[in-house]
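Multiple structures follow.
Note that chain A is present in both complexes that follow, paired respectively with chain B and with chain C.
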Partner chain A sequence: MELSQLIQNLMNGLAIGSVYAIFALGYTLVFSILGIINFAHGAVFTLGAYFTYTLVVGQFENNGLLKGINLFPDGSPFSGNPWLFALATLIGAAVAGLVAVLIERLAFRPMRSRGGDPLLALVSSLGVALVVVNLIQLLVGAEIYNFPSDAYGQVRPALSFHIGEKVVIIRTVQLIIFAVSLVMLALLGYVIGRTRVGKALRAVAENPGTASLLGISVDRFILITFFLSGFLGGLAGTLVGTAFGVAGPYFGVSYGLKGLAVIVLGGLGSIPGAVVGGLVIGLAEAFVPAQYSAYKDAVAFALLFVILLVRPQGLLGRAQIQKV
Partner chain B sequence: MGDFLGQYGFLIVTMVQAGLLGLSLYFPLQAGQLSLASPGFYAVGGYVAAILLTNPAFAGWRDALGNGMFPLTWLAAALICGVLGLIVGVPALRLRGIYLALATIAFIEILRVISLNLSITGGAIGIFGIPQAFGFQDRWQYIWLFGPLLILTLLFARQLERSRVGRAFRAIREDELAADAMGVPPTHYKVLAFVIGAVLAGLVGAMSAPFLNTWNAKQGTFDASIAILAFVLIGGSRNIWGPVVGGALLTAVPELLRFLADWRLVINGLVLVVASLYLPQGIVGALGGVRRPPPPRRPPSVPVVVEAPGGGS
Partner chain C sequence: MALLEIENLSVNYGGVQAVRGLSLKVEEGEVVTLIGANGAGKTTTLRAVSRMLRPREGRIVFAGRDITRVAPDEAVRLGVAQSPEGRQVLARQSIQDNLELGAYTRRDMGEVRADIGRMYGRFPRLGERRNQLAGTLSGGEQQMLAIARALMSRPRLLLLDEPSLGLAPIIVREIFDIIGELNAGGTTILLVEQNARLAMQRSHRTYVLEAGQLTLEGDSARLVNDERVLHAYLGG
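Right, the complex of A and B next:
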């Protein structure tokens, strides 16, 4: 492979891989606290993108019950300036976080208090995902919505430079996605590693019973966890939406499934594992040769299958000995 | 009567078919294994039948066998799915709980991408114009295929439960280590339960391909696997009638909700949430169909690999 091709693939892989990482962290946070996989996470990802789009554009012109309603007749206050767009993205992610809190309240907490089969959490969270996805379809239709091209302000659409004879082209949006993801990862690492809230979260993840005896309100931290999870999922949705368009209500489904591959690859419940898993899968997909690109979507699952057979605890997970 | 069958015949056959798919997931679950692989084997079985019934390479066979071709497709689908189940099951069943579930999700996603890209499976378009076993207008007659298969499967499941193998399945479900210590080889029985489910799903797929007339990569998806899991859990996972009742009801609900038009899929999702919250033993369990008391609460036997957030320190 030529150097220019290598750099191009590397950049593509890191950009999408870093989004996989922050998205998958949403799964990881919930799994580390409750030991369940929230199958509604992909739907929250989709919601984040739609919330941000609503703030930035203000209307859905194609189809659905909301057709013809314009939130901002005088033009959106969130357009034209990259900082306003960033604000809209954060608000969109925060609302997605609140939806995740609502999901915990309605679908997970009642089941915990009744001591239901943990497998049922899979079904009820998927029920929630069905509700969300079909509500979106009902409200705004199934069309693809694209963010305005000047969402990030007046920037060049791509950077290009020469390596020898070859040209390497990197889309600006990829650089932005990568940078935002890194900032988010650093922030999350700080919150969880260095703050009191993070310390309490770790305590709840380690042992909810003991944490509660030590005066930590377990239920409150479960809500905080779901908020963070939804925030990361919604943010990832907007980031992917700016790069590839908000591709309909089912937009999040394939990311939802790939996110599962990411967390298993890194190790279920491991935060550094989710980051490594995301980057590995992003890079692996970017380096699939062009003639096999139709099989790109299978790469994540092939890796998942192999890692489960070779090292079920994942790359960075800790194995636990089965006790009687 | 003719009107009734014309209007609801298709739905009734689909309900029986759903019950069968629920049972295909129930067998591994009896041995305590949560496998979501059923739609994968269902899709493979359907492709085997569709290819045998439409591919020009088998035109000679079709001419020679006539309607005898249909039983041949069932046999071929069962055989291929059984072998595939063995190939996937032997390595995958070393995993437990959610890990096995995730591995089987990977399996169906890989199958889906492969079937989207092979020419023999018709790529993204799939295979269409699959010959009908009965007239296209009288598709309710497929009940003569799915009905006997359901009865045979239920009889088989009942005999199995009373046999040595069924007791081994239950022993593994209740406590794998204890079963192993008592001389019940867990891997052997887990793979057996998985393969039984695979063969059944493949058979249902082979019968469904002509029934649905077209077959494509949408047949074996993650959504389908959760739908089938819902059949079993909401019907009741501890009784052979659970998957049948769950499959039939959950298939009928969207049809009964048809008057809600665009809202019905939203309501369908709500039904899943509410049922999993308020009927944790499943419908059959709630009706008292479960003779055994619910299992005592105990820590999950899943090797939960949880690392403290911010881990490594």
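Right, the complex of A and C next:
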């Protein structure tokens, strides 16, 4: 492989891998607190993208019940400037976070408070995901909605530079995705590792009973966790939607599965594991030659399979220690 | 008025009625011991007071306030702290972080730091290891951490569940010396203990539980010589 191709693939892989990482962290947060996978996380990812699209464009002109409704007849206040677009993205992510909180209330807490098997919550979250997907289809149809290119104003679409004779092209949106993801990871690492809230969150994750004895409201921290998880999921949705279009109600399904691969690869419940897992899978996909790109997912899951054969606890997972 | 008053408490735990119609009092400044065989309902009683278990019947009044239905974190805010059975330190966090989390309900950060300093003064081995993960401590050190952590909320009532469990005799003595010092410093303590003799020697009053019901109560100094207690719990 030539150097230029190598760098191009690396850039592509890091950009998509960092989105996988922040998306998968949403799974990890909920898993580390409740010990279960929130199967509605992919749907929250989809919603994040649709929320941002709603703010930036204001209408869904192709299909669905909302066709013909225009929120902003005089043009969206969030369009035409990269900072306004960023603001819309954050609001979209925050609303996605609130949806995740709602999902906890509707699909997880009722099962938990009745002492139900954790597997039940898994199934009910799967149900929520289906409802969300169908609701999106009902409201705005199954068409792909692309963010108009002027939505974020006059930004250069790509940077290109030469390596020898060859040209490497990096889309601006890829750089932004990478930068935003890194900032989110650093922020999350700081909050969880250093702050009072983060320490309390880890206490709830390690031992909810002890956390309550210390005066930490476990229920409140579960809500905070779902909000953070939904925020990360919704943010990832907008980032991917900006790069490749908001690809219909099933937009989040394949990302949802990919995210599962990421956390299993990195080690269930491990935050650094989700980051490493995301980057590894993103890079692996980027190095799949273009003519075989239809097999990207197969490559990701084959990699998962091989790594789990060698390290069943995942790359950075803790080996299970039975305490007597 | 007593600091803690339990009236006619019944609690179900694991499908059985673990505590039935229990009434007891802890006066401000006392050390009160609960003894009884395994499964007599001692831990269940403590967990009802710290609000980790929901009573089926009865009332728990703390400092004149009915806390029977408050949330566990509210109980901590009101001044009840528990050092749980099996110590339950947060193994994956440092000693310092465990202590900081013990003060989670407090907002006076300067005083919290000062209190952590005092804990290191009282428990020098915790101070030496402040940045180590709590999971790396020995059993006795973990017990000290669990007590120190409970004290960090500046409780009016300290609930100690089996502080001597699994510890070497010399460490057990040390833990009980600490309990004595804490009480001398003004902390009211409700103690559940397998080591009945030691617990009775170091407490003002004792309640004896059997199958979830109170069978005996009185001054520890008197009960420690009681035929029935001697026979059942002190191997006499």
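Here is the rule we use: the second predicted complex is superposed on the first by the 320 of 324 C-alpha atoms of A that agree within 3 Å, B and C clash if a C-alpha of one lies under 4 Å from a C-alpha of the other, contacts with A are read in each partner's own complex, and residues count from 1 in each chain.
Here is the rule we go by: a contact is a pair of C-beta atoms (placed from the backbone, for glycine too) under 8 Å apart; a residue touches a chain by one contact, two chains touch by 3 or more.
These numbers come from a predicted model, not from an experiment.
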Could you tell me if A:Leu29 is touching chain B, chain C, both of them or neither one (first, second, both, neither)?
first
In the overlaid three-chain picture, which partner chain does A:Gly245 touch, first (chain B) or second (chain C), both, or neither?
neither
Could you tell me if A:Arg202 is touching chain B, chain C, both of them or neither one (first, second, both, neither)?
both
Report for A:Pro82: first if it touches chain B alone, second if chain C alone, otherwise both or neither.
neither
Thinking of the overlay built on chain A, is A:Pro148 touched by chain B (first), by chain C (second), by both, or by neither?
neither
One more residue to check, A:Val131. First (chain B), second (chain C), both or neither?
first
State whether chain B or chain C is in contact with more residues of chain A in the superposed arrangement.
B
For A:Gln313, select first, second, both or neither according to whether it touches chain B, chain C, the two together, or no partner.
first
Chain A positions within both the chain B interface and the chain C interface are 202, 206
What residues on chain A touch chain C, complex-wise?
196, 199-200, 202-203, 206-207, 209-217
Under the stated contact criterion, what part of chain A meets chain B in this complex?
28-29, 31-32, 35, 37, 39, 106-107, 110-111, 114-124, 126-132, 134-135, 137-138, 189, 192-193, 198, 201-202, 205-206, 253, 257, 260-261, 264, 267-273, 294-295, 297-298, 301-302, 304-305, 308-309, 312-314, 316-322, 324
Chain A partner, complex, touching residues on chain B are 34, 91-92, 94-95, 98-99, 101-103, 105-107, 109-110, 113-114, 116-117, 175, 177-178, 222-223, 226, 229-230, 233-234, 237, 262-263, 265-266, 268-273, 276-277, 280, 297, 300-301, 303-313
Could you list, by residue number, the parts of chain C that touch chain A in their complex?
50, 52, 71-73, 76-77, 81-82, 84, 88-93, 97, 100-102, 104-105, 149, 153
